[in-house]
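Every chain is named by a letter (A, B, C and D) in the order it is written, and numbering of its residues begins at 1.
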Amino acid sequence: MSSAKERMIARAAREITPGMVVNLGIGLPTQVVNHLPRDFPVCLHTENGMTGIGPTLTPDQADRNLIDAGGSYVSTVPGSAFFDSATSFAMVRSGRLDLTMLGAFEVSASGDLANWKIPGKFSPGVGGGVELAQKARRVVVLTTHTDRAGNPKLKETCSLPLTARACVARIFTDMAVIDVTPRGFVLVETLGGISAAEVAEATGAPLLLPDTDLPEFEARHGR
Amino acid sequence: MRLPDKSCKIASAIAKIKPGDRVMIGGFGVPGTPMTLIQALVDHGADNLTIIKNDANEPGMGIDHLLQSGQVSRLITTHLGLNTHAISLMNTGQIEVEFNAQGILAERIRAGGAGIGAVLSDIGIGTELAVGKQVVEIAGKPHLVETALRADVALIHADRADIFGNLAYVATAQNFNPLMAMAADCVIAETETLLPLGGLAANAVHTAGVFVDHVAELAELSKEYAVVQR
Amino acid sequence: MSSAKERMIARAAREITPGMVVNLGIGLPTQVVNHLPRDFPVCLHTENGMTGIGPTLTPDQADRNLIDAGGSYVSTVPGSAFFDSATSFAMVRSGRLDLTMLGAFEVSASGDLANWKIPGKFSPGVGGGVELAQKARRVVVLTTHTDRAGNPKLKETCSLPLTARACVARIFTDMAVIDVTPRGFVLVETLGGISAAEVAEATGAPLLLPDTDLPEFEARHGR
Amino acid sequence: MRLPDKSCKIASAIAKIKPGDRVMIGGFGVPGTPMTLIQALVDHGADNLTIIKNDANEPGMGIDHLLQSGQVSRLITTHLGLNTHAISLMNTGQIEVEFNAQGILAERIRAGGAGIGAVLSDIGIGTELAVGKQVVEIAGKPHLVETALRADVALIHADRADIFGNLAYVATAQNFNPLMAMAADCVIAETETLLPLGGLAANAVHTAGVFVDHVAELAELSKEYAVVQR
């Protein structure tokens, strides 16, 4: 993984504050857990029926009955609980998730999220993403700033089928931290060494600058 | 990663209840009724409450104390048969009572806890329970819209709990407790035994601590918890 | 209790066949359990959250957390299970009860049941009765044939608020066993010593006689 | 009173499945997938099946055997991401696939098991998941009618069971199993351990035996149950 991606993940980890209940989506978001201090007070939720996820295990260490929603073998912590899929999404829909971190194909300037289907190319099904995006109290996205062809993933409007409308509050990329506001995208931080102009150039919609100084973010967990 | 500690003092948790709040209270008869939390709510004094509970206990027990103290303006329930005092308050208009079919009350509360807007059911069609309810057809058959119920606060009785708020119940003391423990903005649980993290096996949890805001261990079980001598 | 009532309850017990899942309503129906052989293969359900009810206990023997829906202290049998109220009625509504036995204020010739409200006199709420009456695979009623004033409880139509429409299949009274059929009430058996004419006289709707001989029923459990 | 014995041989239970049946199958990935019952259904051969399952397992595992044998005409699911073979069958029109949001699939199955006609939910409004669904307003807000799902047969994997069919699950092998075990006319459970009556504590039961028609102990765990080496 690129250093910029690693720093993006480390920065996103600082979004988690003590006491939160958090769901980390499949892909880049699950790696956020590696940047949390060992004794950090947080409850991680996985939609296949568990609260209190502990560190990921290798196949050699694994319990065959204990996976996360992405199929990785995970462990428990003292106080973990198991439950069925209906109860798991009851937590999500009734607002008991303080935060979810999701991947994205596209995010619009109004916070629409597209992350489950590329018609004709990729349509494995929506899984638990719709409910996470629509119902977590705060939804943030982790994504590369552009796709492999260099096209912006942050756009005026999404062209792909939506996961949920107006759900994304903040986006962490390998270039910047950007908030979705009623005025559109607002640049919050840049990765060290990247200028605001470079971020704006790689963004497919107007990018507002903050009134204050623009901080740079680093890889270290800030607590 | 370490799960947060939600253990609390009963009085400080109950102090969050405001006049006019909707309060769900677990229990079916004596089993599962949080007698100590109810007494704390009487001591706290918040009034004009809407109480959501399967039944009204018996005179001089459980939520009858809240009826006696005049703190209840409305009761959403299924059956008052064992509480003549509650029936008298209803008949004289001192409290407003809404009766639900018992399983429909359970489903409405569960829907609230599951973030579902309503369930569609054919229970009560052709009876006065259907009066005033919106009707939706599914495949040509009429169903009643039974809207979700949520509360400001839920008062729960557990047998065992850990400090994160994972709860376990015993025997028929389960009843409405696991449902209500999902369906309120603030969930307060009393427990006969409070365990450290890891004290409750992950497979034995009935209510996941994510749903629970405060958990308090009972110092003693008052005589209202005991077998009723009839 | 009168001998006739006792014999009615004993006769009703023979309605339970091996392997059934049965809910016995509050009042007379709960006493049916006393007429089942000790080793009879049956699963008794109570709507407050239990399958596998065992014998009723005195307060001295009781577990404070273990009651039936009528508030009686009960025991478990090997294989009992506890669950919440939503699951309990899931069983009822999805058709997992083979039989329920209920009390009645009135039963109509089309099988309508009224057993929860006498306006102005008695209205404690409907409890679990609506769902039991509407959704058990077979609904039978145990009731005295007439009320205390001698008025028939089996009527052309019910005058009291209904519990459920067209739900009752069979009625056990202290005078007779009567089926509800598309043609109305049909006399099936009489209590020993009571004539068909006496039953018809006490019934508030036409009472058809069977084509076959009319058996008398006795108190002994017939297996 | 004695609870009936529902223990059975797998082949005789599976023989009840008919061509064209709707079959629910528990599991989320490997955990909770009844691999042995699935293999028995392949051996049985009933075809034109509608399968209701969270996912399609991985190529060469679980329900992929039913896809390989051509027994499946329709799949109601949430995500096929780990089974490229299933995606290929979908893309070439060899199977029809209906995608549900995962929690909505869970609620629809639970509704079927709870004798509820539908749930009203706002999940997916404004997306293509809402296309073609009936809309009902509750307090002025639009909700989609998500109709109940039932099946002819449900195939369940339990960790422990007693001969009455009371079931208990472990870890994340729970997932859809307790929901599907309520929602079919014929519920067949395989279990890693089969206990006599009384072997499973009444408070530790996850699925009450009343819902279960047949329960069979697994003679061995095939390698498909093992940790997947990636």
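Everything that follows uses one rule, which is that a residue touches a chain if its C-beta (ideal position, glycine included) is under 8 Å from a C-beta of that chain, and two chains touch if they have at least 3 such contacts.
In this text, all values refer to a predicted model and were calculated from it rather than measured experimentally.
Seen from the Cα centre of chain D, the chain whose own Cα centre is farthest off is C. Chain B and chain D have centres, each the mean of its CA atoms, that are 32 Å apart. Rounded to whole angstrom, the centroid-to-centroid distance between chain C and chain D, based on C-alpha atoms, equals 36 Å.
Centre to centre, using the average C-alpha position, chain A and chain C are separated by 57 Å. In chain D, the residues that reach two or more other chains under the touch definition are 107, 114-116, 121-122, 169-171, 202-203. Under the contact definition stated at the top, the residues of chain A that touch 2 or more other chains are 50, 82-83, 86, 89-90, 92-93, 135. Chain pairs that touch one another: A-B, A-D, B-C, B-D, C-D. Those residues of chain C whose C-beta lies close enough to touch chain D in the complex are 18-19, 21, 33, 36, 38-45, 50-54, 76-83, 86-87, 89-96, 135.
The residues of chain C lying in touch with chain B in their complex are 46-50, 59, 62-69, 71, 73, 82-86, 88-90, 92-93, 123-128, 130-131, 134-135, 161-165.
Those residues of chain D whose C-beta lies close enough to touch chain A in the complex are 28-32, 54, 77-82, 87, 97, 99-107, 109-110, 121-124, 126-129, 159, 169-179, 225-230. Chain D makes touch with chain C in their complex at residues 1-4, 112-116, 162-164, 166, 182-183, 196-198, 200, 202-203, 205, 208-211. Contact residues on chain D toward chain B in their complex (touch as defined above): 107, 111, 114-122, 134, 136, 138-139, 141, 143, 145, 147, 168-171, 202-204.
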